[in-house]
Amino acid sequence: MSTLKKFDLSEIPYYKVHGRTIPKIRPLPLFYNGSAVELNVSGCELWVDLEVSWHTLEIWVTIEVNGAPVSRLMLMPGNHSLCLFRGMSPEPVKNVRVTRETQAMTEDEDCCLIVHGFQTDGLFYPVPQGKYTLEFVGDSITSGEGTYGAIGDPDWIPMYMSYSRDYAKMTAEALGADACIISKGGWGVLSGWDNNPNCNIPSRYEQLCGLCCGSKNESLGAFKPYDFSTRETDAVIVNLGTNDASAFLQPAWHDPATGRTFKQRLNPDGTCHKEDLNRFEDAVVSFLHMLRRHNPKAHIVWCYGMLGYELSFAINDAMTRYIRESGDHNVIYLQLPNTTEETVGSNGHPGKLSHERAARVLTEYLRSYLSL
Amino acid sequence: MSTLKKFDLSEIPYYKVHGRTIPKIRPLPLFYNGSAVELNVSGCELWVDLEVSWHTLEIWVTIEVNGAPVSRLMLMPGNHSLCLFRGMSPEPVKNVRVTRETQAMTEDEDCCLIVHGFQTDGLFYPVPQGKYTLEFVGDSITSGEGTYGAIGDPDWIPMYMSYSRDYAKMTAEALGADACIISKGGWGVLSGWDNNPNCNIPSRYEQLCGLCCGSKNESLGAFKPYDFSTRETDAVIVNLGTNDASAFLQPAWHDPATGRTFKQRLNPDGTCHKEDLNRFEDAVVSFLHMLRRHNPKAHIVWCYGMLGYELSFAINDAMTRYIRESGDHNVIYLQLPNTTEETVGSNGHPGKLSHERAARVLTEYLRSYLSL
Amino acid sequence: MSTLKKFDLSEIPYYKVHGRTIPKIRPLPLFYNGSAVELNVSGCELWVDLEVSWHTLEIWVTIEVNGAPVSRLMLMPGNHSLCLFRGMSPEPVKNVRVTRETQAMTEDEDCCLIVHGFQTDGLFYPVPQGKYTLEFVGDSITSGEGTYGAIGDPDWIPMYMSYSRDYAKMTAEALGADACIISKGGWGVLSGWDNNPNCNIPSRYEQLCGLCCGSKNESLGAFKPYDFSTRETDAVIVNLGTNDASAFLQPAWHDPATGRTFKQRLNPDGTCHKEDLNRFEDAVVSFLHMLRRHNPKAHIVWCYGMLGYELSFAINDAMTRYIRESGDHNVIYLQLPNTTEETVGSNGHPGKLSHERAARVLTEYLRSYLSL
Amino acid sequence: MSTLKKFDLSEIPYYKVHGRTIPKIRPLPLFYNGSAVELNVSGCELWVDLEVSWHTLEIWVTIEVNGAPVSRLMLMPGNHSLCLFRGMSPEPVKNVRVTRETQAMTEDEDCCLIVHGFQTDGLFYPVPQGKYTLEFVGDSITSGEGTYGAIGDPDWIPMYMSYSRDYAKMTAEALGADACIISKGGWGVLSGWDNNPNCNIPSRYEQLCGLCCGSKNESLGAFKPYDFSTRETDAVIVNLGTNDASAFLQPAWHDPATGRTFKQRLNPDGTCHKEDLNRFEDAVVSFLHMLRRHNPKAHIVWCYGMLGYELSFAINDAMTRYIRESGDHNVIYLQLPNTTEETVGSNGHPGKLSHERAARVLTEYLRSYLSL
């Protein structure tokens, strides 16, 4: 290991960043699950220098070598040099990716993963862009909640979240695309699963990463407007509505600070209250306009169904209204197979098999669309 | 074979008829694909006495013994005694089903399959009803077109249609349900694939079998109003819209007799003309009312997607309108995975693998619904 | 159908015969399961003219069009014109195969299937040879016993035998090879499952088809020496030993005619009696010499295991002895996965899933060997 | 984390050790891949205290929670407290296993993994024994070489070895059995892949762990005779012969220290030299006697084939000789499906899919045997 040379990111000629980022930012924060740094590098050995902080919700990462996953581990707070490979033949160029496995956390203001640099005895080579750029906007499903852990395990813990078994990763890989994830468990289009109206993704979508918190993340630029011009997205895949459906079944949310109350109501016959359903649909329509504004050429695919079809008609109705208002037909509704006893993971969420099945439907659809 | 005894249907104490029928009708016409006669019978040997007629489009049947398919064959016109099994151990009771494999044919007025009786050396035993009754209303997909024949084979022939590889059969078997099929290739909700407005399923739905023709079928009661009270349907699965989508892409249909013309129009930008889309949606709304009138307790599942998602928004919009008009929420829209190069069959239609995949989504949905 | 022209085989310029046959024999007997006649033909319609005879054990055939199975049916005794397809587009050349589904029958001296000719409105085209020629020598497993019929069905009937779900067919198709089957249920290398020493395959192997009986088959040349020079076999796959293992567990066989008795004995501790095991091994060694004599260049693959591994050591020991005696190393022992509850078919025999699994192992082995 | 209590192993009432060990040894060395410590524990959080040492070949471990794999990571030398889970609901009892992923290493005398204790805020509960005890004796296949890493990756590195994707783990889990592995890549029954006659597993089989080296391992008792009486093994699965086959193709091995040379020779015609083959067979016979001596009641299953069938006849011949010499019939030869392009992993070794396929054959065989 004595021959390893330490490189600050600024000294590395080629590396590729996955996920929303600021071009050339150094050091490099990885905000979302799926956010990653990818290298092509020769040499026998490679280490990454990471800065990790969190208070209650730990961060996990995965390591892939030549496209094959080799490691998945929890990171303790502190500065770490993490070995990515060692003992390999020096000449061949290895493709290596270090990926944040766990979602952005609004619950832990210290939660932060920063890449400072690498150490290696090899040389760096260019990393090509993907054939397409896909953006995935979602909730716990897209945060891979339940993709690890035993069926029946009830805990909401970072260990059971992932990008590595996420339909977004599977879809992007099958299409040779780069994926960009913006997701947060429990959040919806209008409100969170518990009727908290602050937990709506659209309100944070325009920030680089509005789904974390704290001064450290702020100092890294997380809350600044995201510059959508840095990349052109081929398709935006929205997978939202599941928590909005949940809100109809949950008690009202009370804001102790303001005294404000919020509740999506059910009628006595079990159907959704018309006004509240309209409120949800308005939020969908509005979000579609926002998505289109920032992604003028992207195909917008609204996916739904992996945890039930409750708001299927409402989403379609909103999409139809959006199309009528905008004349924009570059949108589609794609129902994904519901999760079953055979495909469920931990904490009642879609397991790996459910994500594989969803990814197949989505991949087939996008392959057909993108090849036109 | 000398010990075989010939039984007219009227002499057989127990047999079960699958598909729309008139209770105790003798001889027994099998109008639709999936229409069948099922026996529990002991003895070494069993034959069925059939009357077969057709002019251009031949009839196929399948034979199942104890639930396992053993034979699939083309029937020539004439009266046939067809051996269903022979040489078996006499004591065990065998479950045997003879099923019409090919759809009702409006193109051949002679096309007709009639069961007269059976010959056996065994005894007849009761045949239990299924756990549920499912009605499938569809087009070529539900008529199993393309489920036989090589991929790439372009011919529209009865040999390539089936019930034996149909998602309807797979779904019914997985749920332990009885299936009842009303389907005809090329037909739609508003018009046929070629804009022929006569080829709409709703106009024939209320007849016992409005999807065949000719005086022979008439004499068998095919065109009489179907008596919906003879069975209570648990779920009506509609799989229509694919030919309505096709009509937008096809030339206008001209009726040489009346001079009438019909055409679902596309706008110059490739979207559907609003008036024509409304016309389609009106037909969907109207059909939903009809279905509910005749099946007051049935869950109505509108399936769509096995050959493209083009009218997905329109169907949802129509269903939302129907719900608003009727207050009836006992309906759902279920998108089925599109057919791909890997799952296609002959003549560009869904192959066995596509039907299996659709059946899985539908089965999972119905299992969950029916277990509530 | 008025435009159909009737062709005697002698008038047809191109057709291909599968299975052991006499070159240019007319009419064409199909002796074994898998024996078939294959055509490339244009036209709308095609019929085959068959002569069928049997007394107790009926004959089944399958029909394939462009490689896709479309029909499987029982044939009654008599002369039949059987429609293979109709209503197809006239120009494209269709590949059609009519295949005997049921094995040669020593139990029914009338059992005989003869092809006389075809009727069509099309033209005949050449049919290419397969890339390789494979000969399969076996027992009920290779006769596809149990590949049809429900799990648990106990009957030994032709309806449950097949070539269409046989590992031999699957293997040949995967390799683009022509298959030739010599098999008979219940027979072994040394004796039948019931210790009948006459039921040994080697004693009939050198005849064209020694596994049928009766004067009609005799008149068709069935019992004449097979001319091994008519084709060069690339691999001989032997799948025998299962009935020889059974013989150790069955009572002695008594020949009422001669008073002769035959029994493969078990020791009190459940192991096989050494002398009798040697007798079996001698038969294997001797059969290997016979196979090599007639197939000088063929790779000999002795498969075993689909119904248990009991004689695995004995077969290996005999093969090792054969190699030592002959210096011939062009032989291999290939163990196939045993049949389980998940893969069993009717009558306790390997089902379709077991055949698929065996075919995969065998195909992989042969693909690797043949590509050297 | 302030409430965590540190427990030395001696203070923990219940924990289960997987793999060869000395009862109650503290601290606990984990010598082999698959060697593990398993706990049932309540509480929110659990850490393991490990002592790790190696010089050139790093050690990997995996973590499973409630039977689901959650982490796989490389361990650096030093004393580590590794978090196994955190943030979980305190009451439920979690099953946790920390497993050594990489094989014993004769190449690195420092290579050593020792468990000192655990830290938790929970309580310990009994861990039941498996239904059966299985011992797996093998080479690189059983060491899981190639089960991680990209197809085509040529490196021999610990990162690409595993227990987590090993057929041994899959088989044991499917049967509810405890597995015990003794394996080392490159080693054979008679010699290593490179003709090194010291690299033979039988010479080390009787030691607790003869497949590591160095004074530290010696001080942990690795080279002491293993006490076979500590557990009764139900089946010994031997998967050896692959490197012995390789030796016939490799150059002679020269021992620079003694000047000794060793070579398994091929004849000019490519067959194995009879004397050398006998030498191999003698080694197999002798090893079978050794296995039986130490495992008097175990069913001995000699598996072979995952990387070619070359010595299949020789292994069978040796087994037959062993049976004749010993009268012991409690042995079987089980051929496993060869690895193909579809199932290969990195470094030309069986990948996960090949291990799954092998495990299925082996599991089915053992399930049937063990249920007798």
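Labels for the chains are A, B, C and D, by order of writing; each one numbers its residues from 1.
Everything below uses one rule, namely that a residue touches a chain if its C-beta (ideal position, glycine included) is under 8 Å from a C-beta of that chain, and two chains touch if they have at least 3 such contacts.
Worth saying up front: this structure is predicted, and the values here are computed from it rather than measured.
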### Task
Could you tell me which chains are in contact with chain C and with chain D alike?
none
## Note on the structure
Looking at Cα centroids only, farthest away from chain D lies chain B
### Query
Taking each chain's centre as its mean C-alpha position, how far apart are chain A and chain B in Å?
43
### Query
Roughly how many whole angstrom separate the Cα centroids of chain A and chain C?
57
### Query
Distance from the CA centroid of chain B to that of chain C, rounded to the nearest Å?
39
### Query
Which chain C residues touch at least two other chains?
none
### Message
Output every touching chain pair, sorted by label.
### Response
A-B, A-D, B-C, C-D
### Query
So in the complex, which bits of chain B are touching chain A?
269, 271, 305, 309, 312-313, 316-317, 319-320, 323, 329, 332-335, 337-338, 340, 360-361, 364-365, 368
### Task
Using the touch definition up top, name the residues of chain D that touch chain A in the complex.
56-58, 65-74, 76, 83, 85-89, 92, 148-150, 153-155, 157-160, 346
